[in-house]
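All chains are identified by letter, namely A, B, C and D, in their written order; residue positions are counted from 1 within each chain.
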Amino acid sequence: MSLFTLILASLCVPLAGAIVIFLSRRFSRIIEIVFVASAAVLLFITVSIFNFGSAIYHQTVELYPLIGDIPLAFHVEPLGLVYAGVASSLWLVTTIYAIGYMNANQEKKLARFYMCFCIAMMGVMGIAFAANLLTLFIFYEILTISTYPLVAHKENTEAKNGARAYLGLLLTTSIGFFLVSILWTWQVSHSLDFTIGGILAGKLSDGLTLVLFTLMVMGIGKAGLMPFHRWLPAAMVAPTPVSALLHAVAVVKAGVFCVLKITVYIFGIEVLQSTSANMIIVYIAAITMLLASLVAIQQDNLKARLAYSTISQLAYIVLGAALATSVSIVGASMHLATHAVGKITLFFCAGAIYTATKKTSIKDMRSIGYQMPYTMLAYTIAAISIIGLPPMVGSWSKWFLIDGALSSGQIVLAVAFLISTLLNIVYLMPIAINAFINKPASTEYQYQEAPKSLLIPLCMTALLCLLLFFLMPYFYEFLQRIP
Amino acid sequence: MKKNPILRETSHLLIPAILLFALYVQFHGDYGPGGGFQAGVIFASAIILYALLHGVKSAEQVVSLNLAKTCAACGLLLYAGVGVVGMLWGGNYLDFNVLADNPIDGQHWGILLIELGVGLTVASVILAIFYAFTKFKK
Amino acid sequence: MHTPALQVIIPLIAAPLCCLLPKSRLAWLFTTLVSLSTFAISVLLVWQVHSVGVIDYEMGSWPAPLGIKYHIDSLSAFILILISAIASITLLGARSIIEQEVSHRKHALFYTAFLLCLTGLLGIVATNDAFNVFVFLEISSLSTYALIAMGRNRKALMAAYEYLIMGTIGATFILIGIGLLYMQTGTLNMFDLHDRMPIIGGFNSVHAGFAFFTVGIFLKLALFPLHQWLPNAYTFAPSMVSVFLAATATKVALYLLYRVFYTVFGFEFSFSTLHLGAVLLPLSIVAIIVSSLIAIFQSDVKRLLAYSSLAQIGYMTLGVSLQTQAGLIASMINLFNHAFIKGALFMCLACLAYSIKTTSCEHMAGIAKTQPWVAAAFVVGGIALIGLPPTAGFISKWYIVLAVLETSWWLAIVVVLTSLLAVVYVWRVVEQMYLCHPIDNIQQGTPVPMMLLSCTWVMIFLSVYFGIDNRFPVRMATMAAEVLMP
Amino acid sequence: MMSLITDLYAYWISVLLMMVGLYIVIDHNNLFKKLIGLNIFQTSVFILFISMGKVDQGTAPILKDGFETFSNPLPHVLILTAIVVSIATTAVGLALVVSINKYYKTINESEIEAIEREQE
């Protein structure tokens, strides 16, 4: 199969899944099968694209001119492959988890839920393989719109308000800033293609480059930079699989992926370094990183704490991207993957706890480890990975990020990374520790894990945290291809 | 109306004259002042005068509302139809030159027919409006 | 070929025929066929313009300055195909809802008025004679007053009356403008007028004529602050009339604006000598902001969409006020796309009006459960109205912001941020439809007829399609802009 | 100064009528009187047009030997059409007013507004 077919297939398979789910919306069995099958096929397609090797990188596949002479175009490059690989593999895990979760919690409107899930996945694949900013923007917005029904799924007042904040913030930033900056870029350079080394070199003065870069990164509201982070905790009203996939993997990672992509392929690392256009974003990211961690400590709702943790972790990636050294870029793209694996496990755990015990508050989770040992073990593994301690995969990315900060001479930022790591420990570890101390009398608890379809995925991702630690050197080689 | 013999008798004298004048204006319109619009209004005014003096019901026996509506449509169709005939006979829409052997006759014919259409439509529309208002009930 | 004439006279001849038809259903069928044939002719015209270039047609074979000439260039063809397409789709779905909303004995007259309105709108666009424009303008307006007055609510009468007063004043102003120009030039042909502009451009009466034209067109266009007639007219008109008017009437007024200020007065005179841009720019921005804000607080969705139309008109005039070719192109693309988007949205409301007999926002609570297809259509239309990809609205927004960016970047930010107000008012309705519980449980509603629903979806499809493949509108708009601003 | 008024008296008359008409349209509460105002307003434009067709020492535009100068007939023709339009407008307007009277039992604008407000 040619590259063209495969890329198209990666878009069409989730779409076709959505259509089939819609058509067979009355048969719950069929939609579940279709849901999982489309995820499996998608993963297969991503792997096939990966197998092409480096020969096909940056080969542009143009469909047709979309606006003027800007085409709807796709290409494959290492960064996009990382994102596509992470998203599609974790999607498969999530589909299984989602089916278990939705059935266990007797959620309604499953067809709509799975359908929007599939369309969101199409958006993700489009973002991952987009070859120019316009294509990227289109799929970015498809992702925004298609996840709205997921966030508002419960259809109560809380869900309505959460979803309103979600949509409001994402649309405000994307239309208000992102679209404007895309148009500005187009006007300045008459190109929106992702090109190695960027397309803006010498086209704008230093000051304007700074404005444009800040505008564009702030416009990518999905990256969750303060002050546009409110949608993340607001969207936590969604069912947990949504939070897991979309707010640990697809949506937020789409945000940071866009940041990485524009850093590398629109502005270019050299340009950013020579013009210091990245400085505002660097500090915003650093502040977000620390503040979000501090806020996370105060959250009592587990999902809310994880949400703020996500904001903080996303800021790592944005910071890594904005530092614009090759090491930090590698670190950032690695963190994109490692954080996804870790955070999805944490969300899965939160969902499993909710399904088994209906508990959402951290206060109530004391000694829950005796009730749900596997879940909490997985939680601990993932927490360690997020914190960045060996032998978990998170340690690699954090290492490169700090290295990147040091190599660009920003000692302050390296210190910020370290402080943030300490804060990570403060807000993640007590849950794990409390879960396993104070063994209650055997009459007060019973062994009560979540259903298998929830437990297996979260164990799988936890194992992945561990396994990837040893596989990382192989991926490092791959990531170094990102210029 | 029986109480006002003067009005009645005058109207009897006037109405034929008005109608006749309307026809004069109508058919004189192609090469003198006049034309379908004026003629139509004059024609309608005669019938309105009749209706004022003898009641709408008796006027409607002369020209009913439905007849007026039909005539209005027919007049417009006549107008447009002449244009289409010009088009079918090789000219542009509303081209009268092709209606007869020579352009001057053609123009005569065209204007005459078109003005007839206009007159018909205007007279019946004015009447229809008049009827419509008289029939309004609170 | 007689296509330019046929375009206008087919509905014109059909109108009196239609009022003679005895049965409502027959009248509908006839009207629909007529509008479909006008659509076919407009397609033919577009094709001819594309292959031959400009088409001229002399009425009665009288040569141009003396007689009336029809002149179809890419701009006219573009608008003609838009009007006839919208009319066809509207009529196809209209039968059932008109049977419900309009009293039975008026049906034939309703369709007659509709055909006359169509004639008027097509005529304005096809003709090249200034006075002829006035006549067609009044044909369309008069039939529109009648159509609006057929609305079910008695407020429709007041709405039609208000529109009649304002519309007549607007048309009379245009007439004065025509008169003053004629006084100086002795011609009514638009190109002739334009040719004599350099000679007469300095006369006071021409300036006065310009002013009268401006006010008259702004009135017809419902540009802020001359918009008062529009919300009521759209709200209380029969549903299908709202669809048709919202999609075409103001668009034709905008066409008139292009024609008068670019073709007749010429770009130089309108924008350099007399600074039309300086008037249009602030008015457009105020229109966008104020109308969007008002729309947010409307309790009737039909009225909400009417105010949103006012804001969209603001975007279209904003494009003109930039005085660049890019702005003009953006304005035309927005004109085209918005016609389908707003038509589709009003069509959704027509479905709901058929089903639950109201368009007030609170009665739409939970409608997604009983009318999922209509609600879904509204969501897609709403997304297009907001201007998100991949819908036609995004294309409009792209071109407008790009054009504005050429002039000033702060204005671009203002435009983009105000366009976000659309999110608020669209999403208010969407939330009501999907996330609220019905206020009374008995509200099942009658099922929407298949024909109406499928026409709604055709409109929705088009407003998405032109977002994915926008070659036709963009090419036509570019060609039209080149005609207007050589 | 005087010549500005005497020479252009036709314009002054039409301007005066226009203002009178517009004033009535804006000021009056009675829907029927508004229509009359609208008619006066339109008539002013007709006068403007017709006066512009007048040529000094021109006769009626009928071809006959011995008459060289004619008034311009075109404005008359145009205004004939405009008069038709105005009649149609008036007819539609009157029909609306009669219907309004039927449904509201009044043709006073502020009373109608009051009725509407009461209903809400």
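Keep in mind that, in the parts below, a contact is a pair of C-beta atoms (placed from the backbone, for glycine too) under 8 Å apart; a residue touches a chain by one contact, two chains touch by 3 or more.
In this text, all values refer to a predicted model and were calculated from it rather than measured experimentally.
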Every chain in contact with both chain C and chain D is listed here as B
Chain-touch separation of chain A and chain D, in steps, is 2
Ranking chains by how close their C-alpha centroid sits to the total C-alpha centroid puts first chain C
Of B-D and A-C, the pair with more C-beta contacts is A-C
Greatest Cα-centre separation from chain D belongs to chain A
Per the C-alpha means, the centres of chain B and chain D lie apart by a whole-Å value of 24
Taking each chain's centre as the mean of its CA atoms, chain A sits from chain C at a distance in Å of 44
Whole-angstrom distance, CA centroid of chain B to CA centroid of chain C, is 36
Distance between the CA centroids of chain A and chain B (whole Å) is 79
Touching at least 2 other chains, the residues of chain D are 95
The positions of chain C in contact with two or more other chains are none
Residue ranges of chain B touching at least 2 other chains are none
All chain pairs satisfying the touch rule are A-C, B-C, B-D, C-D
Interface with chain D, chain B side, in the complex: residues 32-33, 35, 37, 122, 129, 132-133, 136-138
Chain C partner, complex, touching residues on chain B are 69-70, 72-74, 76-77, 80-81, 83-84, 86-87, 91-97
Listed in rising order, the residues of chain D that touch chain B in the complex are 60, 62, 80, 84, 91, 94-95, 98, 101-102
Listed in rising order, the residues of chain C that touch chain A in the complex are 383, 386-390, 394-395, 397-399, 401-402, 405-406, 409, 412-413, 416-417, 419-420, 423, 427, 431, 434-435, 468-471, 474
Counting only contacts in the complex, chain C reaches chain B at residues 2, 5-6, 9, 12-13, 15-17, 19-20, 57-61
